[in-house]
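Listed next: structures, encoded as structure tokens.
Two complexes are shown next, each including chain A; its partner changes from chain B in the first to chain C in the second.
Here is the complex of A and B:
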């Protein structure tokens, strides 16, 4: 009811923006920890990834109703998961965390992949913002109809 | 952003309608109510936008986009309201211009 359902598209875009912002933070954290060999859990840092899930709003779609809001709730973050892939071992004898053979276990962060994820997050954020902006423009065009004929 | 101005407005259309026909029949009461609810909804969006700006300024929230979207919602709802108000006043003036 009211403006809340009128502007539901804004709420959906907002949830997308929140999700992409979180993805950006996770990528930034991966890059920052790209050469960390000591973590609270022990061992080298494992790269993190976000998992998104779709949300359905409170009211299911009702085309017969007076309010044709879809009832969609946008996106939610299901969780942040660790990448279970193998940690690379690099020969570095002088490193304090090297084992007896002189190998250091490094994080499984690959900078090219993180860069791609960074661009994906930026573009997705941009797309969500564009969707919100377009919705705003649509509404303003509808209001302009009232303005036109007096 | 001053939201009190919007809150003070409900008297305007009610006064207009009262002047237009002198009595309040069931039909105009319903319209009064609709306008009143419309104003309340518009005011709510203004208050929410105000609150989100305050929360961003005081550091209670860190998402700029939520504030921006709240402001856009407030802007759009006020635009709709202003256009509807203009229409109502136009209709009133049209009636007043009527030759008897």
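Here is the complex of A and C:
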């Protein structure tokens, strides 16, 4: 009964929690920078997005082996990428960053999309928590079976 | 005939490891915002598996869990690498493992008690 092999479902759920938490951070960053026209790299802020990838566990599926686990590792964040879509140009003659035609290049952040992503991340976080909670309840019931013998 | 039920040494050693692991995990959770803090982990399962593989002389009393500084996860900007979600899940796992082991010990002693009292 290993700490990491018997209860591997918790590792998988916690990887989901970590990934969704990072997605929420990226969404919050996008929303906060939705009107930023000056970035350290120069130019307007470009919207960022997270890319997830699936992980395999450390012990591949081997029913005869000492660590009998499914071999799944949950999810990992492959990276944070910039949205390559076009930056909108808005007419705002008085703006300090306006070009000679009076247009300002604004970030390509669309608030409704960010809010939907935020809701998605929240629900996914809750779903992962629920999965871990259910697994915990299952194990408590298994332990309770032993309790009946004493 | 041994006085204590079989594998009592192993079970009590495993319970000790879960107790120590709880302290280490609670320490990590308490320091989740401390700048420069690296989380600690307990290594025991691998050494136990290696020891059990040997045919003779299963000297379980000598096996000790090792607390080490875990640098496997990346640092945040303040130098802290504690992931609150993972530590909470590990606490949950440890609690279940502890309950399972204690329940096994309890059932074993109950069986002994029944066979002593004859009912």
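Brief remarks follow.
Quick note on the criterion: the second predicted complex is superposed on the first by the 143 of 150 C-alpha atoms of A that agree within 3 Å, B and C clash if a C-alpha of one lies under 4 Å from a C-alpha of the other, contacts with A are read in each partner's own complex, and residues count from 1 in each chain.
The definition used in the following text is that a residue touches a chain if its C-beta (ideal position, glycine included) is under 8 Å from a C-beta of that chain, and two chains touch if they have at least 3 such contacts.
Because the structure is predicted, anything quoted here is derived from the model rather than measured.
Under the clash rule set out above, the superposition-derived model of chain A with chain B and chain C contains a clash between the two partners. Touch counts on chain A: comparing chain C and chain B, the chain ahead is C.
In the superposition on chain A, contact is made by A:146 with both chain B and chain C. In the superposition on chain A, no contact is made by A:72 with either chain B or chain C. In the superposition on chain A, the residues of chain A contacting both chain B and chain C are 2-3, 6-7, 10, 13-14, 17-18, 21, 132, 136, 139-140, 143, 146-147, 150.
Note for the complex: chain A touches chain B at residues 2-3, 6-7, 10, 13-14, 17-18, 21, 129, 132, 136, 139-140, 143, 146-147, 150.
For chain B in complex with chain A, the touching residues are 37, 41-42, 44-45, 63, 65-66, 69, 72-73, 76-77, 79-80, 83-84, 86-87, 90. Across the complex, chain C is touched by residues 1-7, 10-11, 13-15, 17-18, 21, 66, 132, 136, 139-140, 142-143, 146-147, 149-150 of chain A. Residue ranges of chain C in contact with chain A, taken from their complex: 14, 21, 44-45, 49, 83, 85-86, 88-90, 92-94, 96-97, 99-101, 103-104, 106-107, 109-111.
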